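Below: one structure, written as structure tokens.
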Amino acid sequence: MLLYTVKRLGLAILIVCLAMLMLLSAIHMVPGDPAGIALGPRATPEMREEFRALMGLDRPFFVQYFKFLANVMAGDLGVDVWSKRPVSTMIGEQLPHTIALALVGLGWAILLGIPMGCFSAVHRNSPLDKLTAILSVGCIAIPSFIVSLYALLLFAVELRWFPAIGAGEAGDLEDQFVHLVLPGLAVGLGWVGYLARFVRTSMLEVMGENHIRMARAYGLPTRRITYIYALKLAILPTVALLGVGVGSLISGAVFAEIIFARPGVGKMVVDAVNTRNYPIVMGGVLVTTMLFALSTLISDLVAAWLDPRIRQSL
Amino acid sequence: MPELLKADGVRVRFRTSGLVNALLKGIADPYIDAVMRVSFGLRQGETFGLVGESGSGKTTLGRAIIGLARAQEGSIAFEGQELVGLKDAQYRGVRRNIAMMFQDPIASLSPRKTVRNAIAEPFRIHGIAKDLGEEARRLLRLVGLHEGFLGAYPHQLSGGQARRVGVARALALEPRVIIADEPTAGLDVSVQGEILNLMNRLQRELGLSYLIITHNLPVVRHVSDRLAIMYLGRFVETGATKDIFAKPAHPYTLGLLAAVPEPDPDKRRDKLELEGEIPSLMNRPRGCEFHTRCPFAQAKCRETAPEHRKVAEGRWASCHYPFPDPADARPVGPAAA
Amino acid sequence: MAGVTASDAGTPIRRESRLSWLWQLLGDPLGAFGLFLVLVVVVSAAFADVLAPYDYKALDVKARLGAPSWDHLLGTDNLGRDTFSRILHGGQIALYVALVSIGASLMLGLILGMLAGYGPRWLDNFLMWIFDSVRSFPVIMFALAVITVVGPSLETIIFVVIATTTPGYARIARASTLATKNTEFILAERSLGAGVWRIMFSHLVPNIVQPLLILCSMDIPVVITIEAGLSFLGLGVKPPTPSWGSILNDGFGFIRNTPWLVVAGGIPLIVTTLGFTFLGEALRDVLDPKLKKDR
Amino acid sequence: MNANGGDRVLEVRDLSVSFRTGRGVVRALRHVDMAVPRNKIVGIVGESGCGKSTLINSVLRLLAANAVVGDSSTVLFRGDDVLRMNDRQLRAMRGQKISMVFQDPMTALNPVISIGTQMADILYRLDMTAAGKRERAADMLAQVGIPDPMRRLDDYPHQFSGGMRQRICIAMALMMNPALLIADEPTTALDVTLEAQIIHLMKDLRARFECSMLFVSHNLGLIAELCDEVVVMYAGEVVEQGEVHDLFHRAKHPYTQMLLECDPARIEKASRALPTIQGSVPDLIDLPRGCIFGPRCPKRYEPCDASPPGTYGVNAIHSARCFQVRDA
């Protein structure tokens, strides 16, 4: 397990480093003046000069890269081109909202998706299984921003069950949570379907294995076979998948934040793209990428720990 | 008689884990020896059997001869031409002379190609311009299948039929040697006999030499002229088949023969010959590698490894204390009955 | 020669129709429904010029933000353009982006995946590292970063989609290659002396391409969603080119008073994504023998 | 209790099983009659597709969903009809009174649950403490020759070799002291020296546990080695059954005779011309009109083509489904 952790951690770090390299080289790959590209046509020559100095664009690329790495490690993501506020502070303000949104989305997915999948697998080919299949495939197919828009339209504008916009009063947890219900569902709905399908498939696969036949032949109670013998094995790939889910939830969060006018990293980055505020875009993308890498790392490690075959390999 | 194929001190090693893994786990030698310095010769028209349990290295040895596994040491010569160290492109010529039949008859045919294409494949690979349809029909006839099979896909064939197609394909380039890996695996007894009879007829008609890799002792007793018994990648005993079955020289051979149940309820055994399991290749025992399971092991066996030495005319064994004489060896197996 | 004809040689061969999968697909209600939706979308996009009652660019300020009526089936937008006509043309953009980028990802992914799976170990490790890094960007975030640098355009979207979906194809191609390359039939080919290229293209590709094609049909809705999503953020195709996303974006500002714009803009997206997803699921069930038994 | 219930643990009467498939109805088993007497080992032998697996799956009611069992079929386990049991009765029977050892020990154990838990779970019906169950499990492991059993209870299946896993499976099968043990080709996946060890173990255990056994194999040698009675199956029918010595030395059915002749292990003198059985196994969807073995039988005569033969007794413990036995 230790060996696996070390390897997996090393890989995660390498991946994040490469991702940063790609991000940094993006502005160098396009022909033309990087500062001009990053700041857009509205920028004055002074601003470009300032940007160059800020990003160290006058130095060789790899020096820039390692400087950048060092800065990131020290928590310095540069400053906002326009307001001159540190990007890390700005992200620090927005990030909790995005994480809360992603977690609520993930919560919906786990709470609804896994039981749905188990139910389908156990009652395979029953009418309810077919209904769940249609529902979950539908959930996967429909884009999250359509769900957000229609949810906003139906529950907030027409029915007025939930507040339409904003994140709720600061400090009022209940209000904040009420504001999270709708966007969270919109973000997580696709994953409800995806998890349901995935759990169903892996459950069915496990249920067909020889050792389950053997457990049946020994007359173990059906419940114990399903929820201990089969689920313990079928849950492993699902756990590993949850980490990947966070990535797509972050993508979905971008839309939910804009549609429900919520604060968050996604909204901040989209605004920055429109104003050509490259340091914020880069900082925002970097932080979400790290968040994604961290979540896949954690879910992989949890899955490995749950599996004695990996856990006991050193 | 001159030897068509000659292996001398062949050693095949595999890397067991990546370099990083080996470093992290502190494994000094991340290699295992699947085949450990074995030597034998195959004569024209002869059938040589490689016998062993799983992990004995018999399949790896077969694959090393046809160049699917790389021999790190030793020499494999076909008609005097050295094969070890040849590049893949140089091996092509060799592969017209040596063909291989794989263990699983159906899985060794490309699942999306018809029988006709499977049989024509060797001609295409070697750029031999012939009437491929006519060749395919001729080869099918040779192995006793009618033309209706030309358009069939592997999954539509029975095990025996697929095995025949495998034989036809192996014969396509008119090879001198055929390496047959478990030619009867997965076949029922009644079909097994047919495949062996077919291979036997082709051997007579075409003057083929066979290297048969198997764990099936009752079968190998009928089809092979000479045998090598393998254990942990080494030859523990070699010699003429009938001699080995009549009077095994190595305790492992004795145990192996005794482990084959005899289909006669009057001859039930009450004693077990071999206990324990085959050790891991990662962790070879010191001294004689068989001593951990040998009922006759003595102090010397735990200390020094025996050489593969001549114990009688045409017989070699890797044992410090081989069973010396036919009279002393207990009769085992149906051949001795 | 006596006894040439073998005992088990005479069993009749079962023949299967090559098109049996199509009948199976049509026999599955969801698959047939998905196919129907896909056909509707494809036909309406292909014949958009003929079917559209109005020029999608034509402004009619007097009729702006009109409700659905017999003149304008799905109403008009804030500039008085006919939403129905814009949706038909938007379908062209959506399908164009999907086909071009998925085709490219499939080819690229197949080649890179086979290289990783069949090539030396270091190449495998290197390629996997790159794939994992690209995949570690949340797609929309990656797109935003690229758009900031090169500016929004159709080509940018296609590039982003290719860059983000190729690793998925490559990983599957690699996994199938690894699973296939040590099977006996590949070893048998090698033992006959077949070269690397012959093995890769004549034997590997036909055996690994099927899961990739299934993934393609599942990815079309994903790509259409990315295009529409970016256009919704105002970072996709440039106006006045209609895209389903930009129609939604136009409507979003008026969601409280004239919601039909958002409703109408969302319908084609739902129809398309549902159609392709149902079709893809049904195709996978029909073609994947591993899942067949579970039906 | 049934009249014969006293000395017959299992009695299969007129068992017919068909499978509905896309190509048609596969008549996998037809009118199978057989029995396992108390404290006897009965071997079922036959080539692939002969219906051995369908037979044992019927006994345990583990048949696939598309299976149809004939109306007049009964499978009596100590007098109770297994085919007519409800789920609760079935569960009470499985594992407790009938248990099973599967073919492939590598896949028969759950990889994420420790051996000790899997073994103790079988005892879930007993009113015992967890520690007591563990002790019982360790005791069983010791009986099948696993060294240091108490410590190994917490290990997972991947930490055991194939031979060890099959020993564990046997230990699990004997946990509840079942009246009938079904072993489905338990040594096919093992090497020959391990096979010999497992067979040796089964003989050994048989002497210690009073237990009847149904042993399925395609290997005539193992049947001869282990069994008291033999059932020979061909294409879904029992063609011959009898006491093991009687059957091996005085086989009456041509199929049995040829099967014995074909076995290379029984051919004394090394030979390059091995006997075979002409023809191939019939299609179970489209059966021949007369005797099922007729098309391949060298001794076929007029009655064979007209109608299928019944089962005719050779002596009290030996019968064959062949007209020649009737006419003899």
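Labels A, B, C and D are assigned to the chains in the order they are written; within every chain, residues are numbered from 1.
FYI, a contact is a pair of C-beta atoms (placed from the backbone, for glycine too) under 8 Å apart; a residue touches a chain by one contact, two chains touch by 3 or more.
The structure displayed is predicted, hence computed values, not measured ones.
Student: Taking a step as a move to a touching chain, how many steps at least join chain A to chain C?
Tutor: 1
Student: Would you say B-D or A-D is joined by more C-beta pairs in contact?
Tutor: B-D
Student: Please name the chain that ends up farthest from chain B once chain centres are defined by their CA atoms averaged.
Tutor: Centroid comparison gives A as the farthest chain from chain B.
Student: Measuring centre to centre with CA averages, how many angstrom lie between chain A and chain B?
Tutor: 54
Student: If you average the CA atoms of chain B and of chain D, how far apart do the two points sit, in angstrom?
Tutor: 32
Student: Would you kindly tell me how far, in whole Å, the mean C-alpha position of chain C lies from that of chain B?
Tutor: Going by mean C-alpha positions, chain B sits 49 Å from chain C.
Student: Two or more other chains touching the same residue: where does that happen in chain A?
Tutor: Chain A, residues with two or more chain partners: not present.
Student: Out of chain B, which residues touch more than one other chain, so two or more?
Tutor: Within chain B, residues 158, 190-191, 194, 197 contact more than one other chain.
Student: By residue number and range, which residues of chain D touch two or more other chains?
Tutor: In chain D, residues 276-277, 280 touch at least two other chains, as defined above.
Student: Within the complex, which stretch of chain B touches chain C?
Tutor: Result: residues 18, 63, 66-68, 88-89, 91-92, 95-96, 99-100, 102-104, 107-112, 121-122, 125-126, 141, 143-146, 148-149, 151-152, 156, 158, 160-161, 164, 166, 169, 173, 190-191, 194, 197-198, 201 of chain B touch chain C.
Student: Considering only the defined contacts, which chain C positions touch chain B in the complex?
Tutor: Those residues of chain C that touch chain B are 1, 3-15, 121, 183-185, 187-195, 198, 203, 206-207.
Student: What residues on chain B touch chain D, complex-wise?
Tutor: 53-54, 158, 188-194, 196-197, 200, 215, 217-219, 221-223, 241-242, 245, 255-256, 258-269, 272-275, 277-278, 334-335, 337
Student: Spell out the part of chain A that touches chain C in their complex, as residue ranges.
Tutor: Going through chain A, the ones touching chain C are 11, 14-16, 18-19, 22-23, 26-27, 30, 37-38, 124-125, 133-134, 137-138, 140-143, 145-146, 149-150, 152-153, 157, 201, 204, 208, 247-248, 250-251, 254-255, 258-259, 266, 269-270, 272-274, 276, 278, 281-282, 284-285, 288-289, 292-293, 296.
Student: Per the contact definition, I'd like the list of chain D residues that touch chain A in the complex.
Tutor: 60, 62, 90-96, 99-100, 102, 104, 107-114, 121-122, 124, 156, 158-159, 169, 172
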